[in-house]
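What follows is a structure written as structure tokens; I'll ask about it next.
Note that the chains take the letters A, B, C, D, E and F in the order they are written out, and that residue 1 is the start of every chain.
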Amino acid sequence: MDLKKRDRFVHVVGQLCCPGSFGPVVSLHARSAAMPSRDDLTAIMELIRAVIFPGYYMEPDINAANISFYTGAKLDKVLSALKEQIKRGLCFECVNRGNKDCTGCDSIAEEKAYSFIEALPEIRRMLSLDVEAAFEGDPAAVDVGETIFCYPGVRMMTSYRVAHALYNIGVPLIPRIITEMAHSETGIDIHPRARIGERFFMDHGTGIVIGGTCVIGNNVKVYQGVTLGAKSFHKDEEGNLVKGVPRHPIVEDDVVIYSNATILGRVTIGKGAVIGGNTWIIEDVPAGSRILNR
Amino acid sequence: MDLKKRDRFVHVVGQLCCPGSFGPVVSLHARSAAMPSRDDLTAIMELIRAVIFPGYYMEPDINAANISFYTGAKLDKVLSALKEQIKRGLCFECVNRGNKDCTGCDSIAEEKAYSFIEALPEIRRMLSLDVEAAFEGDPAAVDVGETIFCYPGVRMMTSYRVAHALYNIGVPLIPRIITEMAHSETGIDIHPRARIGERFFMDHGTGIVIGGTCVIGNNVKVYQGVTLGAKSFHKDEEGNLVKGVPRHPIVEDDVVIYSNATILGRVTIGKGAVIGGNTWIIEDVPAGSRILNR
Amino acid sequence: MDLKKRDRFVHVVGQLCCPGSFGPVVSLHARSAAMPSRDDLTAIMELIRAVIFPGYYMEPDINAANISFYTGAKLDKVLSALKEQIKRGLCFECVNRGNKDCTGCDSIAEEKAYSFIEALPEIRRMLSLDVEAAFEGDPAAVDVGETIFCYPGVRMMTSYRVAHALYNIGVPLIPRIITEMAHSETGIDIHPRARIGERFFMDHGTGIVIGGTCVIGNNVKVYQGVTLGAKSFHKDEEGNLVKGVPRHPIVEDDVVIYSNATILGRVTIGKGAVIGGNTWIIEDVPAGSRILNR
Amino acid sequence: MDLKKRDRFVHVVGQLCCPGSFGPVVSLHARSAAMPSRDDLTAIMELIRAVIFPGYYMEPDINAANISFYTGAKLDKVLSALKEQIKRGLCFECVNRGNKDCTGCDSIAEEKAYSFIEALPEIRRMLSLDVEAAFEGDPAAVDVGETIFCYPGVRMMTSYRVAHALYNIGVPLIPRIITEMAHSETGIDIHPRARIGERFFMDHGTGIVIGGTCVIGNNVKVYQGVTLGAKSFHKDEEGNLVKGVPRHPIVEDDVVIYSNATILGRVTIGKGAVIGGNTWIIEDVPAGSRILNR
Amino acid sequence: MDLKKRDRFVHVVGQLCCPGSFGPVVSLHARSAAMPSRDDLTAIMELIRAVIFPGYYMEPDINAANISFYTGAKLDKVLSALKEQIKRGLCFECVNRGNKDCTGCDSIAEEKAYSFIEALPEIRRMLSLDVEAAFEGDPAAVDVGETIFCYPGVRMMTSYRVAHALYNIGVPLIPRIITEMAHSETGIDIHPRARIGERFFMDHGTGIVIGGTCVIGNNVKVYQGVTLGAKSFHKDEEGNLVKGVPRHPIVEDDVVIYSNATILGRVTIGKGAVIGGNTWIIEDVPAGSRILNR
Amino acid sequence: MDLKKRDRFVHVVGQLCCPGSFGPVVSLHARSAAMPSRDDLTAIMELIRAVIFPGYYMEPDINAANISFYTGAKLDKVLSALKEQIKRGLCFECVNRGNKDCTGCDSIAEEKAYSFIEALPEIRRMLSLDVEAAFEGDPAAVDVGETIFCYPGVRMMTSYRVAHALYNIGVPLIPRIITEMAHSETGIDIHPRARIGERFFMDHGTGIVIGGTCVIGNNVKVYQGVTLGAKSFHKDEEGNLVKGVPRHPIVEDDVVIYSNATILGRVTIGKGAVIGGNTWIIEDVPAGSRILNR
């Protein structure tokens, strides 16, 4: 390395470390606690999948004699690993709010981790129904096990139902990371805040978007490329977006939405309606109606 | 950990291990053999890619003197690793059919693994033509090597052609896992049962769905977001889906289908037809015709 | 293994190693240098992300005292690892052009690696503005850090802006690999040659395609499933595609393009235009106009 | 690679694959089953250490509520992983004896694995006493935990007591691999067949050798470099070694043997004797006597 | 797995989890904090080796322009990783002393970690002299770099000098773990409490034992198998060992001790003495004398 | 981190990067090429072991049909990986000799790597005889395979014979690293320059030292703790050690040397002599004689 190159190198390091270079959004000082770890959250999701679907994701030869040992050991690992991630999520929020002392985050995180594992039996009940819906809803499904082990829709629902439970418990950041990890894997983007009923089935999945204020009933089917999105964004008097206002669709029970349909705004798709592919819906759809493209 | 927390923990373990909690679809007893391994299948696909495209995925310095050593060693690993995965797929099916004794699975799996490697020269021939089509079909392609090494469409076709060969040999579950792994990587969802001719090119790819009973001719081009799906599902007298009926399109030679077009049902897109972007097709399209959006 | 199986195995190895079997596109002789490594490029992107967003992707407890040590050490690793990958890209091109002697590639690669790190301060400035746009543009965004750490659009822009800088420096192959790795993660396909201005925001992202000759202004928003593609391909007199001709849209400042819109050809979307979801645009759109689906 | 080098390479491969080149001892045909795996045995030993010393080698926060989950899960892994290794040991022996059909090895291995885990409570009892002896015998030991966690003598005894239990159950090859792995770590070479009583303490350890037919009583201390070896080897009429004859010392209770002492042959070191450092003993030593170097 | 085996398994788990089974030394309740991590300490030692010998263990191409970046980044990692290990060592001691509240351990650990890195320049000075002594003392040494990179004696001295510095700072347990890790690698057992002067050289090394109260001068050479040990142990009135009393040799400057010599007790080996191989020394040796075996 | 700590940290980094602090032996400028990699050499030794003892260290199911594929592929990896390590060894020597331009090292390294693999058939022949000697020489050996797979003496001889071949070819540094890696594993320290005949057997092994100018005949047995070392070192007129002079024993055919014997200087142990344990030999021993300790 000749001298001129050394100078160029040192100059760039200087530029990148100059406090002024971080701009308004990438503050150097913003983060003193460790950020949540994607690798650890991936491992936590694998443990949760094993606990929920032991016949598919646990060690082979699980039986009535040893299942409680494996379930207990894995759940204990979920508890301690998730507590750490929840705490990082809490500290992240603390720091952003300018709260320098997050001493309390540790014990709050532990309590939230306990609350989460207590939600697991209900999460399993819901996922079992989602699996059933997938098997019954797809003529290509050979076998219920295939839907559990291979279907991206079931994989996404596992992540969503876990993330939604964490969201309900008041855990910041972590639910969004979990759904985005699954978004990357499946191409399905569900906001963890959305509410989704029993027996939800997404086929193929790529490109589905479900916004954060959606409310979806029971027994709903959605195909690839469907958007349940916002139509317009409320702004306050200063022109800033008003955050958190309901702005995504309500989808009632037994609705089917075919591929690439786009439904925008706080509209209601009535019970039993069928929305055809490639349609564009920005108004309420009465129960039982059938909307076709052209 | 105070006592109350211990009690909460033990209670949750008990709930999750209670046989009644597994529901109708997530039977504890269903699985006594190991499930197929995604990690092992990923490694197998890498070995196969190296054998098929040695200039790109094998060690550097491959030459006429050493290529047979590398090809032989990698193929021998494919043989034994794939035999194990095929066996797991067979046992999975056995168990689901209530067949408790799957002694025969071992030797059946070995024979199927041999049949598969014998299909590799033909798989390479087909993939070479797919690569050629990709290079000729994309004005942005600088070089044929770029399409082999970078294009998600070529990556997906490698997985699909391998999975389809396994499907033809009668291997259960594994073909679907292979295409779903590639679906996750590329956003392209091709059912391993679909039949696809020579020189097939998919550009960009994200969101493409090709159903299990599709029949696609030679020299066909498909762009991102295209669905070749089913229009309606046959149900039997008891209201259950009839599985396995042809319900996806037939696409004849030389057809081009532009982005986000949706073609549903057992319709035939005639030789040389051009289907415009964002179109919605649920009827036959005559050979040579040109269908535009609006 | 009985003798017949051995014979079958040796026969397949022979077929796969037969020079004639490689076809016109998969030449055995094409590659004598190592191909670029996806694993190494992934590690390089992680180092770059840490250098650009130290508060999010560097070790915790980064402060004014130690940031220059970490930045310097990571940047030095980027320099040597990227030099190696650039060199492989250069050698790949050399070989393809029949240039057997690529002695010069080593020092050219080093110079290009230096030029790249000198572009990093500007890349950070641009990304800071993209992050700001993401936070301001999404009512669901709780916090600017969430958009940096979780949003696929920001992740894709990091890869694109790095790849685009490498493209501008004249590095072959590597930029495309980087954008395709991010395409696989995010479902967003941006060609590294495309030119994109400040404050670019993509929400949800899955299915977005931005072609290589696109020119996009400042302050543009694009939603999931949008295609900025080519309408037709120029062919020369022999029927071969003419490569490199401008064939993708120009999008001026302050444009918003809603989900699944398709804009094809060298058309211009005028400043401040709003393109509705599911629209199909193949002609110029005047500044300030509002195009709706039907 | 020029042609001559290719020729040299192919020639060497040919030489190394020529059946005649394997010589009398390295038969190609000898091994058709997989050999035992050092990595797997290392993992098994770690699991066993965790089960035996949970406070030191298990996850932190082990308590009365979760210890049975962790113990059960780890023990179940020991069971299945050890069964596989035992089976490989059995098959290895089968093949060596010319027994081509080792169908029975699988169920024999399972039974032996069960017998082994049933020996664990007794192994823990013995090791607890060894730990106690280490703490009481070394003036440098600050704390009983330090001896468990740091002392090579305790580490070696854990491996020896596990290997000896496997030897007693009739497992071939595996016990020797386990003691040799610990030999490599600690420099202490104890044959798994040797019999060693309660409260055995080795300080420093490097260079200690304890032969296969040794019998050692309770409460014995041995320092670095001590050999308890054979003096001469019985040969049969054809001049071959007679294997398995008792040829190593008997060491009675309460004996202390200082560093680098060498005791050879089937001699008896009587109860309470003290053997000084660097001594050379080839005859019986009466109880209570004190043997010094010169 | 038949029922009887399940019963056997559950029975063993029960035995191993029964509080009574832990015995007096292996208390379940003893440990609630995490134990120190050998893997992390191994990584810390690698970082330290790189900082001390940058030309050998740092990345290649270290130069005056980038060395401070690498040194700073590695040292910062040492600081945080070592702080965590020191804290675990402190908590381990706290728990053993029945001190349930170890709130203070965190800040004490941080201060000790700072003190340790401040000792590094002196540690490097001492090791440079040890390296010089090794090169000058071994006729087989081709080159000073060979002694740094290959010699077990230099490797051991690096670990010892680091461990001794930590011992001097009052860090419990960790120094012993570090020397035992090096003992396992090199066969050399030096207690971290021992005091060793400048230019210390051990050739071959296997079997060397240097006790905790040894005091060794400058310019001393020691060969394989040498013991500097204790002759007898003081017991108190109740028959327990008195710990911490000086009981190992004092070795003055310029002494050479040849292989397998044993020197026991608080004797003094006078300046410049030469102790022959295989000797047995339990009394003072006058300065300048030459002791031979027989 | 408060300011004072930051200052302390930056101060230490400054001290450690100060050129003056590197001392005479740890020059910063000494190394601009990468050092040899222990991990890569470990992998190379594993490949070599597999090629030499295919029945033990290659994949299972090696047979006449596939052995040449595996042998060829592994040998090709040895060739390229070893070439790189040899080159690093050559560059290391170049730099030490002040030779700044080591352009030639690359092609010299390739030639030496070829010469090495051509030595492998002879290395295998020698190792087969060593294995035979181990089985015949140890009454505890159950089986020839056990000696190949478990015995540290055989493991050491594999490393030694490989290192010695590299030494003979004129490769610097690498042979020493290989024997030191094996020294760490086995406690046996053989200098790669030593010459050792056929059928060499070391039992137990820990503590054996064999110096660089030793010459050992055929059919020799050596036990743990034996030193074949130097008695005195020649110094030149300036008091510096004269390097490379023969100063270690010559051991003729059929000699047996029992545990902890020490033989020093250029003495000759005559054919068939038996050297007892713990003996101290500094003079020639006539052929056929029997030397006992006392």
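Here is the rule we use: contacts are C-beta pairs under 8 Å (C-beta built on N, C-alpha and C of every residue); 3 or more make two chains touch, one makes a residue touch a chain.
If you're wondering where the values come from, they're calculated on a predicted model, not measured in any experiment.
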If we look at chain C and chain E, which chains touch each of them? A, F
Computed over C-alpha atoms, the centroid farthest from that of chain F is that of chain A
Comparing each of C-E, C-F or A-C with B-D, which pair has over half of its contact pairs in common by residue number? C-F
Looking only at residue numbers at the chain A/chain C interface, is the share used by both copies over half or under half? Answer same or different. different
So how far apart, in whole Å, are chain A and chain B when each is placed at the average of its C-alpha atoms? 26
Rounded Å distance between chain A and chain D, as computed from the means of their C-alpha atoms: 51
Chain-centre distance (mean CA atoms) for chain A and chain F, in whole Å, is 56
Can you pull out the residues of chain C that are in contact with at least two other chains? 9-10, 13, 61, 63-64, 66, 68-69, 71-72, 75-76, 187, 206-207, 225, 260, 278
Once you draw an edge for every pair of touching chains, what topology comes out, line, ring, star, complete or other? other
Touching pairs of chains in this structure are A-B, A-C, A-D, A-E, B-C, B-D, B-F, C-E, C-F, D-E, D-F, E-F
Going by the contact rule set out above, which residues of chain A touch chain E in the complex? 1, 6-7, 9-10, 13, 61, 63-66, 69
Which stretch or stretches of chain F touch chain B in the complex? 59, 61, 66, 68-77, 80
How about chain E: which of its residues touch chain D in the complex? 5, 8-10, 12-17, 19, 21-36, 92-93, 96, 172-173, 176-177, 180, 183-184, 187, 189, 191, 193, 206-207, 209, 211-212, 225, 227, 229-230, 233-234, 240-245, 247, 260, 262, 264, 278, 280
Chain E-touching residues of chain D, taken from the complex the two chains share: 51-57, 60-64, 67-68, 71-72, 75-76, 79, 110, 114, 117-118, 120-121, 124-125, 127-129, 131-132, 135-146, 148-152, 185-187, 204-207, 223-225, 259-260, 277-278, 293-294
